[in-house]
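In what follows, a single structure is set out as structure tokens and then discussed.
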Amino acid sequence: MVISSNSMTNTIARRSFLAGSVLAGVHRLFAAPQTPQTAGLADPKLIEDLVAGYRILAQQGVLDGFGHVSARHNRAAERFIMSRSLAPELVTATDLIEFDFDGNAVDAKGRSLYSERFIHAEIYRVRPDVRAVVHNHAASVVPFGVTTVPLRPMYHMAAFIGNGVPVFDIRKSFGMTDMLISDSKKGRALAEALGNKAAVLMRGHGVAVVGSTIPIAVGRSIYLDLNAKIQAQAIALGGNITYLDPQEAQKMMDGGENRAYERPWELWKAKAMAK
Amino acid sequence: MVISSNSMTNTIARRSFLAGSVLAGVHRLFAAPQTPQTAGLADPKLIEDLVAGYRILAQQGVLDGFGHVSARHNRAAERFIMSRSLAPELVTATDLIEFDFDGNAVDAKGRSLYSERFIHAEIYRVRPDVRAVVHNHAASVVPFGVTTVPLRPMYHMAAFIGNGVPVFDIRKSFGMTDMLISDSKKGRALAEALGNKAAVLMRGHGVAVVGSTIPIAVGRSIYLDLNAKIQAQAIALGGNITYLDPQEAQKMMDGGENRAYERPWELWKAKAMAK
Amino acid sequence: MVISSNSMTNTIARRSFLAGSVLAGVHRLFAAPQTPQTAGLADPKLIEDLVAGYRILAQQGVLDGFGHVSARHNRAAERFIMSRSLAPELVTATDLIEFDFDGNAVDAKGRSLYSERFIHAEIYRVRPDVRAVVHNHAASVVPFGVTTVPLRPMYHMAAFIGNGVPVFDIRKSFGMTDMLISDSKKGRALAEALGNKAAVLMRGHGVAVVGSTIPIAVGRSIYLDLNAKIQAQAIALGGNITYLDPQEAQKMMDGGENRAYERPWELWKAKAMAK
Amino acid sequence: MVISSNSMTNTIARRSFLAGSVLAGVHRLFAAPQTPQTAGLADPKLIEDLVAGYRILAQQGVLDGFGHVSARHNRAAERFIMSRSLAPELVTATDLIEFDFDGNAVDAKGRSLYSERFIHAEIYRVRPDVRAVVHNHAASVVPFGVTTVPLRPMYHMAAFIGNGVPVFDIRKSFGMTDMLISDSKKGRALAEALGNKAAVLMRGHGVAVVGSTIPIAVGRSIYLDLNAKIQAQAIALGGNITYLDPQEAQKMMDGGENRAYERPWELWKAKAMAK
């Protein structure tokens, strides 16, 4: 992506604000194919929310020492930002790295990368509506990726799964693997399984959750976890269950899904960043 | 409600105590129909307990970033008080707003309101014995709103559900909706389903719990959650269960339900407000 | 009990150490039948451990705002000590009150008492080996009091329930009640149901756990809770279960039950008292 | 083991760094058979990680007041290091003691020892690849030691149990016991049951987990606990389950099992040592 001189000026002007961010790296016009050009400095608010996303999901118990969150770059549709390989609870703005859709880092500075960044890359490639992606291994969610019992919406807070959550089984296309989405081809297959849904379960692995904003992808991850717990508990009661009707779910979505998680977002952020 | 000059004097005198409370708003004699007159300053103890109610239920894990607590105004039977739209853990006295039974705010000052305040309004309208209402989505309780297995009292601490907890299914009267109790008509239907009980489950949504005081409504919310967990665990054991007999529950209630939660209230409050 | 002048001297000498303790009350030689004489100051170590017992069980989640712990008085076999009616987490030495086996307080100073102190009184009366009693409503334990599935020992840490845990159903002798053990007669029936065991489940209510020391009664309460969780989880797996053999349990007890909980006691105490 | 004068020099040089460590005890050339010679000071990094291992597993809820962690001595294959008898959360470097494979302490200084140190000793004796051992009673894991339902790998994070986890039933060789692995003979039988696996369940007791490093043994303990929770939840859903294929597990292991837990290790350690 060619950055106009205007945006370059902005880049310099903002440098003092985001000092330390690796996104403020040198503009490399003559980068090798494997080293994409930067799309320029991301919106400080996006950076702040992305860091908060890692911390929030750690504090809420959705992420542990593994898993990751990413955001599409606000200046370039074909770039996304995520942390270097690091436990979510430790992520700060200086750990964020810009990537292209082939999983190449703009400026990794020798730091190790999440081997599964291709989950994010390939979803951004085919889902222009998606601006944030979460990958997690929440213990309540993993069972729904390995059982014949489908994950279904239990209440209005999980209306985003009104149309169901597909299950991606890596064996179908790749046979015996180490289960990781560690290249573009596997990422593409996962993105295909996701289709136009809000989340895709990964058999024997975890889940990928998407949203049009960071708070939405994070909020969905939290309520997917809660919905899984509620469904498991409802099933264990042994009676017949009335799931949320797809039309009910759709009406909830049409009315503004959980008000875009604005109400809890400030709370989650305050708590997670205070630690 | 016409406030006497005496009470107006009190209003002014107390202003320094409750500085910042929106309840101390200007007395508007000529308010439009949609802007009801204030019933005057609420009892500071009521305000304190209401704020504590929000914080306690957040700390006890009954409320998360959503859900709300209200109290009937001590000066006017036809007014109730609840927070502006805010995550429970963040609520302070300055966030409290006075409402009439049509869900109109006395003085919202442009702040956004909980869309489901009609749950509270319509219950207060038909239940003069109720002086506090809680609405929550506790993960242990939601399953009992969607299953054919009825929530039943497992132990003396939950004697208040001795006569059962009705389930309100919004579809019966309203067909396909976004599940929210976002107007008076839906609130009325929910209040009817509640009847003279202590709580009403909302299918695919959550629960509304009532009490004659804030500590009772809050305490019941906490023990409803615990009772749901205990019942689920008892069912999972696979044996035959002896539930609390309705007469046993009644005798517990007659003897003073959990001593009006006085013993834990000071503890809960101290812990929740210290955060 | 007549206190010798020697012990009275000790009482005075120790007063500065235990300043504020209600146990240091005036020696009343001419007390009415309902106001028993004090057995004198209890061992400061016993007081310290008793306060710790309340706090530990609150911190470990075995007690919430209800439930209580008591200890037999070290100077008088027919006296025991427990808190005034107070949430366990708030108990300090100044809240402790001495009782006789009829549930009469030596010097309540007008403070309200636990209505279920008769659980403790009657157990001490018939079990000379017991020097500490815990009454709790742990959510994992209550299900075993209402189901036909017996609580059984799952592992060596719960060897103290090797011979099973009897269930006391208050209806058998008292018909419809408020479920509370609020007088001597009900306490006696419960103590009879306990027999020579380490714990007795109370249907629709909770459990009473005993021990020859405070750390043992507290430790047993913690591991009874864990054993209940483990048994519930094992049953939910659906296979056949091998329970601890009564002989294995006995050998564990003979070898020194969990080394009298000495190892965890200092940890539990340090954590609970630091709060 | 004869320590060269070089390593003795190192011992002295490092003494100020590890002041207080019992590992810095006097070199006893003429020790009695029951008092083995020291292998010299262990690597400070090993000591640091071992202390962290105790604290991490306590903080993560895998260990409570019982259970222990050990590491093979870096200077002597036939020595291992573990704490004196102490609750894991309280362990510091000064509590560590060096042992030989017969469970004899090099210099216990009169402190009491874990009676089950033979679990560790006998595993080190027959498994040269093992450099760290954890013994715990995690509530989610114990059920799999007493049921006919085998513990199986649910997801890639638990690939280390790809070949299954054997169950050791102490009754088979020893009849009725107190369940403890309190001598070499019982330790040997347990080590035999472990075979070449990553963990061995102990019926009615707990589990022993091994690794080639402390972070691996600790990380496996954490994910064994999570895997047990996930499997229990998956089974409770009632559908058919697709377990991780042994080949998938093997490929995950070949690719570097969870990257040797490097990513979460720094996080776990920072959190556990900050307490």
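Chains here go by letter, A, B, C and D, matching the order in which they are written, and residues are numbered from 1 within each.
The rule is short, and it goes like this: a contact is a pair of C-beta atoms (placed from the backbone, for glycine too) under 8 Å apart; a residue touches a chain by one contact, two chains touch by 3 or more.
Here the structure is a predicted model, which is why all the values come from computation and not from measurement.
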(request) Would you kindly count the fewest steps from subunit B to subunit D, each step being a jump to a chain that touches the current one? (result) 2
(message) By the touch criterion stated at the start, how many steps lie between subunit B and subunit C on the shortest route?
(response) 1
(request) Could you report, rounded to a multiple of 5°, the rotation needed to superpose subunit C's C-alpha atoms on subunit D? (result) 90
(request) State, to the nearest whole Å, the distance from the C-alpha centre of subunit A to the C-alpha centre of subunit D. (result) 35
(request) Starting from the mean Cα coordinates of subunit A and subunit C, work out the distance between those two points in Å. (result) 50
(request) Can you tell me which residues of subunit A touch two or more of the remaining chains? (result) 236
(request) Just say which it is for the chain contacts: an open line, a closed ring, a star, complete, or other. (result) ring
(request) Kindly provide every pair of chains that touch. (result) A-B, A-D, B-C, C-D
(message) Under the stated contact criterion, what part of subunit C meets subunit B in this complex?
(response) 64-66, 85-87, 89-90, 137, 139-140, 142-149, 169, 171, 176-180, 203-206, 232, 235-236
(request) Could you pull out which subunit A residues touch subunit B in their complex? (result) 153-157, 159, 226, 229-230, 233-234, 236-245, 247-248, 251-252, 254-255, 258, 261, 263-268, 270-271
